Amino acid sequence: MTERRTWQELELGVELPAATSLGYKTGGWRVLRPIFNASECTHCMICVSYCPDMAIPIAKSEEGVAGKGGRLFKGVVRLATNLDYCKGCGICAHECPSKAISMVREEEAEQASCKL
Amino acid sequence: MPTLQEIALKTTGADARIVSGHRMCSGCGIGSIVKTVLAASDKPVVVVSATGCLEVVTTIYPFTAWNTPWMHLTFENAASVASGIEAAYKVLKRRGKIDEEVNILAVGGDGGTYDIGFQALSGALERRHKFMYLVYDNEGYMNTGNQRSGATPFGANTTTVPAGKVSFGKPQWRKNLVEIAAAHRISYVAQAAVNNTMDLYKKAQKGFSADGPAVLAVLQPCPSNWSFDSSLTIQYSKLAVETNFWPLYEIENGIVHINTKPSNRKPIEDFLKGQTRFRHLFRPGNEHVIVEMQKMIDDEWARLLKLEESGIQF
Amino acid sequence: MKEVYEVRMHGRAGQGAKSGSQLLAEAAFKEGKYIQSFPEYGSERRGAPTVSYTKIAEKVLKSHEPIVTPDVVMVLDFGIMRSILVAAGLPDTGILIVNTKVCSTEIKKLAQFNGTLYGVDATGISLELLGMDTPNVPMLGALVKLTGIVKMESLEYVLREHFLPKIGEEKVQKNISMLRRGYEEVFK
Amino acid sequence: MGVRKAITGAQAAAEAMRQINPDVVVAYPITPQTPIVEEFAKYVADGIVDTEMVPVESEHSAMSATVGAETAGARAMSATSSQGLALMWEVVAATPGLRLPIVMSLVNRALSAPINIHCDHSDVMGVTTVGWIQIFSENAQEVYENTLLAIRVAEDNRVQLPVMVNQDGFITSHAVEPVEIFDDALVQKFVGVRSLDRALLDVEHAKSVGPLVLPDYYFEFKRAQEEAMSKVFEVYHEVGTELSAITGKQYPFFETYRIDDAKAVVVVLNSAAGTAKAAVDAMRAQGKKVGLLKPILFRPFPYAEVREALKDIPVIGVLDRSMDFGACAPVYSEFRNALWELERRPAMQSYIYGLGGRDIMTTEIEAVFEELLSGKLDPEHQRYIGLRG
């Protein structure tokens, strides 16, 4: 709940600097949370390309990360879902060819993570 | 041709031209479509959005999800605004006031394209402005809750042409925007769908590099108003392609090319099932609607195959 | 009863805060009360926070202002409390009903509320009976139990009136069961 | 000193546009604006200007593309009339909110129905509430100078608002009169070039223009827009002073003609003000003390200055070339508003004249003066000049 500006403080015209929506966290919309099982992932990027909320971060890894079947995956790899923005639509889980993502109720996921 | 990995790098992180924090419905594929199309440009992209889902959810003041120059004016004029931007671009370059090369992208939903923005689009195509027009087609006015548009399919239940005791929903087939655009003799028109990222990316690349205007129509299943579970957006898009309800094809310099030919065409029921807007078609008395729909789809497909075979310039 | 009884519902677009507040108002209307029911219109997307108001009174309601000092606040989505101060304007004597499985101190802390907190597993009930997350109906049952502001029969009547043409008798029955389960299962 | 040319009002607007050499001109032809577009298109075709001209398919697209170009960073201009303005209304109304300094020629013509191609002010009076600066021109010379002035007022950083430069359809737009065109180099120095500070095409500084603004901010944006409008007076004055150095003319908010000791004053816009001057001269020759006030800057409206100018006038007749059906006519309303604060309010009479191109004669304005001087007024009703029945 940020302080709202007065009319004297507005920019000229109705203009905004780029990408300010990063300050608006849509993660709170989630009812279901994607649980990413890295050991089942083949880093195929299907989930990344479909994610409508750009909520699956990726990285370039030279040393590689362990994935499905204990294999080492190098190059572009997917990381854990960014829960700040993920709305929990479940497309990633549904489209994952390796079934590396499962959806659980947000409240349960939260309590599970508290216990951890 | 880039890999899915390379596309992912362009759509995620600091260089992405559209970023997280937008307020599209959970499971709405517009985000995937737009990020993929934007990634396909090798130059900075200036975007103009028509009023609609995309515009409303990406720029609720003081938040914007755009990480590239973007503007919105009104509902029906994205193509005219793009004309003005392109004119400004040409003259400011000619006069040495700017030096950066850019691509211009106009985006609208089917309401802003097939219906109210149709004249502006036709005018801009006829004048040969160099820009790409992207329509994310969710087959109705989904931003305002499922009203009928010129892109709504035959048989669909909408709030303005509801199915009722004496109505099975929309009695007309949708207009063929791709062929109408191609009739302007522009060099690139294509139909794509959200489920096929590589195909969409390639088409966007071709559109951006076309000589003159290009039109890209992309099917976008709407979880909210077609009413299916938010995880099934991609599945419904696939079914639309596999039933030939939404063929993937392109018209390049007038020559038709079908990109995907389903080896085993699925029946249209597979696509209709589970969507609230078609639920009434499965009730007794409406069997003929599905039969008619199937026939229309098959006829259209046969016609498209003939167009491709003929090699005649569109 | 207060001159104007005010209920504020917080939810997410798609969870039925708007229709919940409308059902409540119509039930009161059926009992001869004066009512107002209206949502705050933003650009609601499935999942986006929404707020909806119900006013119930014995006399004509003239003002069209939103509710700032509610008697009851209903929270249809647990997570919403992280971004929105749901208990804003709710006095400690007021009632806060949250869609949750447990009434933890964490919820009171999130809501910044010192009064009595009530919980009902409305999502659980609706997933069990309907297979969908539509928590508004069980929440209304809980509200009736705690406040008696309308009668269960009135709510059942308007539920049927509203939904029968849209979803058929079987689902109407399920909704009525959800309402009763909410009534019975609300806890402190 | 400039060069004197015998040209029409439409050509005078085009002459100003030639000297401005805008980055972009977008227009759709409509009678009686068409000769502006045609004249300018000829300049483009002959390479006299290197403007990018976009011949769009409708006025709606004309203003849309003008807004697109202006947002992109160009200096963009347009021109229209009547039905054209009506069709582009939606975008016209959106332009001031985006604070885009577009200058457009409006050749005033009656609105349908019934369809009529001739002059009245029903087109412009339908857009006075949306936030454009409105400047009116008595003749071709004023059209030319007002267009130059408008560019600088619009683009001033304190203002950044669009301007309509009005002239009467056919009466001004199609009549040939002597017009003094000032030196190209001097004028071009005066108009300068538009800054790229806010250019959308400045891709290094990406921004989002025209987002959705909900109840939490919309009101504040509108208040900021009003503030910009209030700055127009000082900017108009400053820019006018600068233009005077080239033209030797004055650029007041309104012109007063022989009102110093006047017992009755007529207020009238655009070309009819010239006719009224002739009537004033004729009456003065008979020893009758009458005068004229010709509004030039109509939005923003200079209430205080108008009040000061008219404070000692006992009777005022306001002539409107359009109606506000079921209410007071628009120019009359403004003058009533302006004079309300006076301790000794004048008697006032509203007149409607010239709708759909009906001619207004010197003798008719003389009759108005006679009526005003006689005190036979009917403030409860507007009167009609030159109407049968």
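So that you can tell them apart, the chains are marked A, B, C and D in the order they are listed, and the count of residues begins at 1 in each.
Assume a residue touches a chain if its C-beta (ideal position, glycine included) is under 8 Å from a C-beta of that chain, and two chains touch if they have at least 3 such contacts.
All values reported here derive from a predicted model rather than from experimental measurement.
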Most widely separated chain from chain C, with each centre as the mean of CA atoms: D
Chain occupying the most central position, where position means C-alpha average: B
Distance from the mean Cα position of chain B to that of chain A, given in whole angstrom: 25
Between chain C and chain A, distance of the C-alpha-averaged centres to the nearest whole Å: 31
Chain B-chain C separation of Cα centroids, rounded to whole Å: 39
Gap in Å, rounded to a whole number, between the CA centres of chain D and chain C: 56
For chain D, residues contacting two or more additional chains: 98, 206-214, 217
For chain C, residues contacting two or more additional chains: 42-43, 47-48
Junction residues of chain B, two or more chains touched: 23-24, 26-28, 56, 59-62, 64, 66-68, 223, 230
In the complex, chain D residues that touch chain B: 23-24, 26, 50-52, 54-58, 60-61, 64-74, 76, 90-91, 94, 98, 196, 199-204, 206-214, 217
Chain A residues touching chain D - in the complex, by the definition given at the top: 4-8, 10, 12-18
Residue numbers on chain B that touch chain C, as the complex places them: 23-28, 56-57, 60, 223-224, 230
Complex contacts: residues of chain A adjacent to chain B: 14, 16-26, 29-30, 44-46, 48-58, 60, 75-76, 82, 84-85, 87-91, 93-95, 103
Sites on chain B touched by chain A in the complex: 4-9, 11-13, 16, 18-24, 26-32, 35-36, 58-59, 61-68, 194, 197, 223, 229-235
